[in-house]
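Sharing a structure here in structure tokens format.
By letter and in written order, the chains are A, B, C and D; residue numbering begins at 1 in each of them.
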Amino acid sequence: MFKFEDHKCYQMPAHFGGWDYNPTGTIYRDTVQISYAYATDGNRLADYLPEGFELLRPELLIAYVQSREVEWLGGAAYNLIEVSVPARFQGRQDRVEGQFALVVWENKTAPILGGREECGIPKIFADIQDLHKIQQNYFTNASYEGNTFLRLEMHEAQPVDAPKLADIKAQPVERVLFGWRYISKVGGPGAELSQPILYPQSTEINNAWIGKGTVQWTQLKPEQSPQQWHIIKALAELPMNELTPAMMVQGVSTLKSMQARVLR
Amino acid sequence: MFKFEDHKCYQMPAHFGGWDYNPTGTIYRDTVQISYAYATDGNRLADYLPEGFELLRPELLIAYVQSREVEWLGGAAYNLIEVSVPARFQGRQDRVEGQFALVVWENKTAPILGGREECGIPKIFADIQDLHKIQQNYFTNASYEGNTFLRLEMHEAQPVDAPKLADIKAQPVERVLFGWRYISKVGGPGAELSQPILYPQSTEINNAWIGKGTVQWTQLKPEQSPQQWHIIKALAELPMNELTPAMMVQGVSTLKSMQARVLR
Amino acid sequence: MFKFEDHKCYQMPAHFGGWDYNPTGTIYRDTVQISYAYATDGNRLADYLPEGFELLRPELLIAYVQSREVEWLGGAAYNLIEVSVPARFQGRQDRVEGQFALVVWENKTAPILGGREECGIPKIFADIQDLHKIQQNYFTNASYEGNTFLRLEMHEAQPVDAPKLADIKAQPVERVLFGWRYISKVGGPGAELSQPILYPQSTEINNAWIGKGTVQWTQLKPEQSPQQWHIIKALAELPMNELTPAMMVQGVSTLKSMQARVLR
Amino acid sequence: MFKFEDHKCYQMPAHFGGWDYNPTGTIYRDTVQISYAYATDGNRLADYLPEGFELLRPELLIAYVQSREVEWLGGAAYNLIEVSVPARFQGRQDRVEGQFALVVWENKTAPILGGREECGIPKIFADIQDLHKIQQNYFTNASYEGNTFLRLEMHEAQPVDAPKLADIKAQPVERVLFGWRYISKVGGPGAELSQPILYPQSTEINNAWIGKGTVQWTQLKPEQSPQQWHIIKALAELPMNELTPAMMVQGVSTLKSMQARVLR
């Protein structure tokens, strides 16, 4: 008979064995991230924030991350696009500022499963291209079964100047990502688990570039992506005001899922 | 602010809205299933059964299912390979016979997420080929990032004779699939949820064939599939005795996830 | 030393051996084809017809073909989208009517190579979805590295009436497909081979449906598909007048590449 | 009417227009190459060399190349595995040493088409993984429709010492790659074109590493890859003696297809 051990960590299928708890973060040795931000309608954004969270600024944040040499995946690579808003959690005990993840698309299933089940990060699948690069111009897109829904570009990327880079490199960028773990009751409506979650991450930056960004949403019909069209529609309908310059950084990231915790 | 409604169903990301509870099953209009079974070492098999389950026979069951025209996926298709054992659940209240899912590989993320989170079916990702067909011979394989780990063949498929087909078609095949939903504590070892689950499914069969089956496992090194190599190793090391003839059926399946329940 | 044998057929790499000439056609046992046609600007269309060909009607033909159980590919499947115009070849010797292939997208490389090198069919690669089916509605799309450029739909497909089906089934549909084999000089401009080609094909139809078709082109920027954007642009800019009803047929096709010949 | 212009270059479909002849090579800005070599049976190898070529050494060369930021592909990436032998061409006019390409697998169709049609390089399709990297160990594999046929590893890669690197960087590595362009007669056995071809390439190396290489072939059954199994079999059956250390280089490559020429 298979027996669970309380001090071990498991993922389904659990019955082939678990692993020892290890609080060390998961290291991503080669990540390239391009960040976009734009002002938008704060009232609409607030509609997507669950109880306990409030909007810090009426701003939508989009980060494309291309991760390679990921050791926990056998040295493989994957890409993600994270859409979040700056938010504060104000609970009975906790008061924390960070970024609330509205949705994260990833092009590999394994990190989707861990992120959802262990940390409540709303990861779903999309095909996401590796960065295409022509001179200092970068291109990527996200699609679902051949249907493009997001195109991200960065033009004329220039290295940030030396003093600024020195500043950026001086210390790791610590980040609080907020998720909401929702696990339904078996066989019925309602929640078995419904929890706000804090997931700490940090990045040591080695290089940084700044350039002109473009973000282009394309809505899909329900039959093109039954599980995602309403998410894409919600995001595509947000006004896109004052798109800030795109920032690209290359560095080493540490995901501290074992230091994640339920907010109270 | 986004508010959860108790009578609604949600999946992460929940904050873009849920849907009304609907007890009707999910219909798969065009499924082709090839089933393999072989006698093996019952003691080893029993090691993978969690508390409450006992082995009915020392037998490993492998089902390849090619599903098309799946409405909840916008009419798309996907393939799965389910490995299970015949088992009985014997709890304080429930005593049920069915098949305990050791692992289910699927080549699409959306059904993996629902199956895991809502029903505790241990679904993980693999590339799984559509059936290749040459005359009455069928071939498929499963691989992870280019590494083949399972090859399934069916040779000289012959339609079952008319009386047997009539029998098979006379009524839907009702099946109990057992899963175990395990959701870890956030940030640490141990379980937040750890539940045996009953997931009912039924299939109306339109056609059936019988033929010679072959099952070939290939073990992978940990770096070829860090999350799966130990599962493949456990299954590949089981002795393969008395492989029964392969059975192929074509029909309409109904997955009754809304009638799934926690076993007690 | 490897020696070529004159009576054998080869494909690169030739030095691992060729195969015996066999005039029998290649059989595709399970093909589903959806055909679209629309009136357009004949002058523009004529610009794409090389010497010897003339336009029969100012009409663009688009055929989506989903082929399964393809024996020469080991029983595998692939999809194609063929764009052609009704044309007559008028040479010194030959006068033939058929369809001139403007471009053919396929989602598998092996048939692309044979079609191009042996028959001058202008096949290029795209991701092409299997048909998605919801009730009697069919959907597919073509994309290049995540960039959608063509969406084809067929709505409310209805079986053709029995007399019409009987007519259709009465005899194979024989079709002449025209290509133009162009092989450049090594290392420089100009042609080593530049030949109009006739490629005969036939289809035995088992079933046929008629419905409402839609064709939607999306232009790409050069950097999204450097080898194809100008083709997509040329086709997308053609006016789409009087789209005829979409016709879907299911049947067995025979590609007679060994009966292909250079037109004179 | 579409008219070919003699001074232009075309690829099928030609009728959408050609491009101006440009003798400049095609630049690949970011290539990582891992090279393997092993002594083998010279008699068997010689069986694969067409008339005019002779073996320089009984050695099989395997190069894995991961190319990124490829401008002619819109900044996209692709991978290839080239299998070649050191050879001399001895014709009536030409006497040249280089590497004769036995087969080249690539995971993108566009470069396959150009390489075959314009330079006679025997490129065919396979799925080829990006390098997986764990510490100083690199892994990749090639598969066809889920069937692994080649696994390449490099362990404990160490930078070459400074003087050696200085040597390597001192000048571009000029390489002669030999192909054989074979284009069949339309509709029948025998050749329309059958030509030995010299294709010059050069690489400026920025970094180099040396390590322990492993090469593992897995034969496929004909139905697993009808167009390739005999090639894989021929290569897998060659004895693998004295595998040299694997060499990895990172640099900028220039493919000079416009300086390719037919050997005489």
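Keep this in mind: a contact is a pair of C-beta atoms (placed from the backbone, for glycine too) under 8 Å apart; a residue touches a chain by one contact, two chains touch by 3 or more.
Remember, predicted model here, so these are calculated numbers, not experimental data.
By number of C-beta pairs in contact, A-B leads when A-B and A-D are compared. By residue number, more than half of the contact pairs of C-D reappear in one of the listed pairs A-B, A-C or B-D, namely A-B. Here the CA centre of chain A is 39 Å from the CA centre of chain D. If each chain is reduced to the centroid of its CA atoms, chain A and chain B end up 30 Å from each other. Along chain D, residues 74-76, 132, 134, 137, 139, 145, 223-224 each make contact with two or more other chains. Of all residues in chain A, those touching chain C in their complex are 127-129, 132, 134, 137, 139, 141-143, 145-148, 151, 223-224. The touching residues of chain C, counted against chain D in their complex, run 1-4, 6-17, 20-21, 46-51, 72-76, 101-103, 108-110, 112-113, 116-125, 145, 179-184, 186-195, 197, 222-227, 230-231, 234, 257-262. Note for the complex: chain D touches chain A at residues 68-69, 71, 74-77, 130-134, 137-139.
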